[in-house]
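Both complexes below contain subunit A, partnered by subunit B and then by subunit C.
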Partner chain A sequence: MKKALNAIGNYFKNIGIAFAKGDIWVKLSAIVMGAGYFARKQIINGIIMLLVEVLFVVMCIGYAAPNLAKFGTLGTVQFEQVFDPLTMTSTVNDYDNSFLILLNSIISLFLILVFILFWIANMKAVYRLQQKKENGEHINNFREDVRSMFNEKFHITLLTLPAIGVILMNILPILVLVAVAFTNYDQQHMPPNALFTWVGWNNFKNLFTNSVTVTFGYSFKKVLVWTLEWAVLATFTTYIGGILLAKFINDKKTKLPKMWRTLFIVAIAVPQFVTLLLVRNFFADNGIVNTFCSSIGLTDFLKSVGLVSSNLTYIPFLTNPGWAKVMIVLINIWVGVPYQMLVATGVLMNIPEDQIESARIDGANPFQIFVKITMPYMLFVTGPSLITDFVKNINNFNVIYLLTQDVYVTSDQLLANSNAKEIDLLVTWLFRLTNEYYNYKMASVIGIIVFIICAAFTLITFTRTIKGDKEEEFQ
Partner chain B sequence: MKKKVLATLLATAMVAGCLAGCGGSNDTAATEEAPAADAATEEAAPAEDAAEETAPAADAAADPVANLIAATTDTVTLTVWASEEDQDLTTQLLDEFKAAYPDVTFDITLGAESESTAKDTILTDVEAAADVYAFADDQINELVQAGALQEVVTSYTYDVATENAAGAVEAASVDGKLYAYPMTADNGYFMFYDSSVFTEDDVQSLEKMIEVAEAAGKKIAMDISNGWYIYSFFQGAGYELSLNDDGVTNTCTWNAAGATDVAQAIMDLTASGVLVDMGDEDMATQIAEGTIVACVNGTWRAETAAEAWGDNYAATKLPTFQVAGKDCQMSSYSGYKLVGVNPHSANVGWSMLLAEYLTNEASQTARFEARGLGPANLAAASSDAVQANPAISALAAQAAYATPQRVGGNFWSPAETLGQILASGNPDGTDLQTLLDTTVEGITAPVE
Partner chain C sequence: MKKKVNLVLRHVFLLLLVVIWLVPILWLFVTSFSGYKGINTSHFFPDTWTLDNYAQLFFRSDSIVQYNRWFMNTLVIAIFTCIISTILVLMVSYTMSKLRFPGRKQLMSFSIILNMFPGVLSMIAVYFTLKTFGLTNSHIGMIIVYSAGAGLGYLICKGFMDTISVSLSEAARLEGASEAKIFWRIIIPLSKPIIVYTVINAFLLPWGDFVFAKLMLNSGVATDWTVAIGLFNMLGKSMINKYFSVFCAGGVIISIPISILFVIMQKFYVEGITGGSVKG
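Then we have the complex of A and B:
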């Protein structure tokens, strides 16, 4: 932490020095970028800098200014269209599109920030040139500069493309998403025909207040609790299941291990959504499993022990909250175990045989070997992937949505009033809110919260598992 | 601006006049002439010129289609969305449409988009959506609100408002303004039954039907845990559900005095286990298996029912049901499929003409013949073949008790849950008034 602060401090100190000790050319560079390069006879560098500055000014006037001027209100001119029945053509006014204004403004702000950093870098660079000249060091010409991009500065060349990709694909969309959480962008305010505007923290307040009609707060708590329960259950059941399965298949007494392994991999090869939709139909209220259960008398037995309510003629596998939650976890084990088995197989094959051998000689039984040697080794190697799985399960859309969509109807009226269901994860709820109700603002708010939860979990667990040299501990 | 419009009008009028005058002159010549004429009128518009052209101009101005053809010089690029099942027929109709305007070059792309989910795709990005698209009438409010529908201020090739059934026109309108072209009138629900089990008298009352089915050891299915269907009970008993003027929130009186009797009635009806709450897919399998002998569903299940019951396949309006000892006729949502024009289209004029073509009498008849979809067009619907179709005539009988679906998005989830609770016999024993109050709270919730 202190290191980071120091680095920031130094960063700004260096500009101060450049300003204080720079000669007239360095100072001029603050206004006319490239001046410092011209003074040291780096003409091409100077022209490039000047060109960047000119482009930036053009961008500001032509793109950033008109958008940023409306950034405060996100537009005021409503879409209007007049159709002339005689010519059968329509005329449209020069309307504001709130979403485009928001998007373009964020891009503009981002470009301005990048330019400021660029400007600072430029100041430092020209000051360094001045120092070099004063010390009589060699100053690169343009060709040497280009060559250095392929030699000592090759990492910069290499990382440029991925960095641009990350900015375009990740950072900018996330910034837009965060901004939407502070607007009233929803079905009533959908561009291009309507405008939306800033509403401050209102959406966040709505999420955590529990009034009678807006039951968001109630639903959010319920959904969050189930999301975490699910993530823990789903992660550990498939993890343990995968290791056990791999152990069984790898066991020397198992016949035809390759065949078993292939069979489980075939299960992966079938697209997950096909499997899940089929399973959903198997376990439907009038599905094949229910027909079977009632014909062997299982349904009546479950009724008599009170697991199925007496007015039902079927087992509500996917239609009762309790049953559905258990079924979802079980079906997820079935869908997810083959993956974990593959991972575990790889790791198990790499456990040093000598350790297990010596444990056996010391008289450890297989269970002790498993608990004392295999599991610690597994946990150490797969720890980070376990955390990734946990985060993935928090956002496990497929299993929940495909198994329950169009089948599960909640009986909790308060949840229903917020379009949520008992078996919803934050992410499926979010999907339903955006896709069926166009509530983008609340979806953004939930999205931010999901991100915070995932980020927190990842950070905490990663720092704990990777911290220190744990390799010694299990050996 | 005004001057330019006038000039263009005059210019097109002159061109049209030229066409009328020269008779055989080909349209390339005519269109070539247009810019010249445009320039002339814009410059000064000499008096004698204007006088010369006044007479034909009046004629031509009255025919906007001719104006449009004359004004179209470039290729007209249009995108059309029709449902997966409608692709073949639509392709054929598109070819006919192109042939009907030989002077214009079209580049029409046909995409597949189900009528029931058109809204979801269109509202994601209205500007990128198709120029002409088919959709189910329940989406019209949200589409109009999002500005995804061009108002049909006038029609050109046939009169949309009078040649279609009044219900269809109402369903295609919002606040008295017509926004779409009715395509089919078969998206509502009614009662299918096996006439070897029920007589025509039996199917008049739901209580009687349950009695008969119970005696036969069979079941009657209805998707009670679905807002679309549970509406028929409350609306039938005279309780109101309507969309407010803001177009998103609802007014609902399902918790008014006496409404608990309706809730009680639904619980009583399902208590015997003969009337079962069941989704559409399950119904299909169980009709085929023979456990279900009657069901509330729509024309999309007609084929399944006809196959399973053969000659005994019959359909009729929904029955009555008893609320506190009084017979009430079950209501329903009428349903229409409509064709809409995207106001963000670059060729609104051609889009409107195409929408008209896809929904005119001939196209609706073709649609009935090819796919058995009930026409909204009065002339097409009065044909003998349509009249003989049991499902479509049942829909017509139900039409008197049906209302177009006008409801905001907050209705579905609470109503679905209400249906679920009532159909499972209110397992928690919640006070019925509290139950309805909570439902209505959810349905009428303000949209934040």
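Then we have the complex of A and C:
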């Protein structure tokens, strides 16, 4: 922490020094970027800097200023269309599109921030040039500068393109998402026909309130609990299942281990959306499994036990909350165990054989060996990926959505009021809110909450993967 | 004697598990040859056998079934995604693995946290951004969605490059090779296995993705869709009784190339995961 503060302190101190000790050209660079380069005869660099500055000013006047001016209100001019019966054309007024204003403002702010950082870097570079000149050091010409982009500055060349992609696809959307959470962007406020505006923390309050009209508080609690239950269950069942299966197949007593492994892999090699949609119809209310169960009398047996309510003629595998939750976890075992088996196979092959051997000589039985040697070793090696799996399961959209969409209908009116279902995870709820109900404001709030949960779990992994990273060891 | 019984029991148990795992796949396969278009709810095997479902897929396109178009759409998207993603991933993993520069660790930490932010959450914003540029319902839009952020998924590839001995690049450097040359001539040829993994992984993404395709390709025009969306659409409430067997046929066709690639990849998948974590 102190180190980071020091680094930031130094960063600003260096600009101060550049200003205080720089000559007239360095100081001029603060206003006319590139001046410092011209003075040291780096003409092309100077022209590039000047061009960047001109582009930035044009961007500010033409793009940033008009959008940022409306950023406070997100637009005031309502969309109006006037139909002219004489010419048979309709004219549209010069309306404000709230979403575009929001998006453009965020991009503008981002560009301004980038420019400021660029400007600071420029000041420092110009001052370095002055120092070099004073000390009589060699000053690169343009060709040498270009060459350095493939040598000591190669990391900049390589990272530019990926960074632009990540900024566009990951960082900007996250910023927009955060901003939308503080607006009233929903079906009643859909640009271009309507405006939306800032509402402060209202959406966050809604997520925790329970009233006759707003049932988000009730739904949120239910969905959150099930999301966490699901993530724990899904992660551990597939993890343990995968290890057991791998141990079983790799055991010396098992003949043809490769063949068995391949058979399990075939099951997961088929794309998930195909198998999941198929399984959903396999277990449908009037599906083939139900036909089978009623013909062998299982349906009647379950009725007499009370697991299936007596007015049904089928087992509600995916239509009753309790049954559906159990089935989803079981089907997820079906989907996930072969993956974990693959990973576990790789790890088990590296397990130090001598430890197991000596334990066996000391008289440990197979169960003891498994609990005392195999499991700790597995946990040590796959621990970090276990937490990654947990976070992935919190966001396991495919399994839940493909198994229950169009099939599961909630009977809980309070949940239905906020468009949630018993079997929803936070992400599927969010997806439905956006894709079917256009309730972007609440979806954004849920998105932020999910991010906070995931980030908390990630920080645990991340300290291990980064700090414990012995990457130099193998080089 | 007891040993023999044990041995038989062990294999019977495995066989039982395999049956459980393969029953849905078998059902997919046999239903794709069913003469009845809807779901056969009374028998596991179809009552009549036919190849008509496959014929319908390939030769009788209508407003619902456009399988050839879907396949081409997905293939085009997959090829471009695969090329762009692989290049981005290689660029980032080489930088993080072999180059040393100020701020490297911080950048890595930041990217790991960012990568944890699930794409599903920010997709509303992605959707509207692309819509502003008119890129929804287009191949270019889908390619951007799948490949632009690929640079973040560099960890497994970096883990592999970490194991390439540094003495090779040292030697090249002494002979006056530039960093760019070392990247092209030494690291890339030595990273072949992990490049295969990255390529297949990126190629498979558009075939299996459902969420983004559903959101981005919302025009309702069947010719725009990818295979995943097209097949999902066949199982809608009003459609399922006319198209279920056709869906199964489509599922079988798409599964064949995907399974082959997947089986090739799983070898690298295991090496990547375990190789990466053993070091951690």
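What we mean here is this: the second predicted complex is superposed on the first by the 452 of 475 C-alpha atoms of A that agree within 3 Å, B and C clash if a C-alpha of one lies under 4 Å from a C-alpha of the other, contacts with A are read in each partner's own complex, and residues count from 1 in each chain.
Convention: a residue touches a chain if its C-beta (ideal position, glycine included) is under 8 Å from a C-beta of that chain, and two chains touch if they have at least 3 such contacts.
The shown structure was predicted, so the numbers you read here are calculated from the model rather than taken from an experiment.
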item	value
Subunit B versus subunit C as contact partner of A:D406, first or second or both or neither	both
Contacts of A:D94 with subunit B and subunit C, given as first, second, both or neither	neither
Partner touching more residues of subunit A, whether subunit B or subunit C	C
Subunit B versus subunit C as contact partner of A:N193, first or second or both or neither	first
Partner chain in contact with A:E436 - subunit B first, subunit C second, else both or neither	first
First (subunit B), second (subunit C), both or neither touched by A:F83	first
Partner chain in contact with A:N286 - subunit B first, subunit C second, else both or neither	both
Which superposed partner A:L414 touches (first subunit B, second subunit C, both, neither)	first
On subunit A, the residue positions that both subunit B and subunit C contact, one per complex	284, 286, 406, 435
Residue ranges of subunit C touching subunit A (in the complex, touch as defined)	6-7, 10-11, 14, 17-18, 20-22, 24-25, 27-28, 39-44, 88, 91-92, 94-95, 97, 99, 101, 104-105, 108-109, 111-114, 116-118, 120-126, 128-129, 132, 144-145, 147-152, 162-166, 178-181, 183, 207-208, 210-211, 214-215, 228, 231-232, 235-237, 240, 244, 247-248, 251, 254-255, 258-259, 262-263, 266, 269-271, 273-274, 277-280
Interface residues, subunit A side, partner subunit C - complex	99-100, 103, 147, 150-152, 154-155, 157-159, 161-163, 165-166, 168-174, 176-177, 180, 245, 248-249, 251, 253-255, 260, 262-275, 277-279, 281-282, 284, 286-288, 290-291, 334, 338, 342-343, 345-347, 350, 381-382, 384-385, 391, 395, 397-398, 401-402, 406, 427, 430-431, 434-435, 440, 443-444, 447, 450-451, 454-455, 458-459, 462, 464-466, 468-471, 473-475
In the complex, subunit A residues that touch subunit B	79, 81, 83-90, 186-188, 190, 192-194, 206, 212-215, 284-286, 309, 311-313, 406-407, 409-419, 435-438, 442
Residue ranges of subunit B in contact with subunit A within the complex	5, 8-9, 12, 61, 64-65, 67-68, 71, 120, 123, 126-127, 142, 145-148, 150-151, 153-154, 156, 225, 246, 248, 273, 278-279, 282, 285-286, 343-344, 348-350, 352-353, 409-410, 413-414, 416-421, 424-425, 427-428, 435, 438-439, 441-442, 444-448
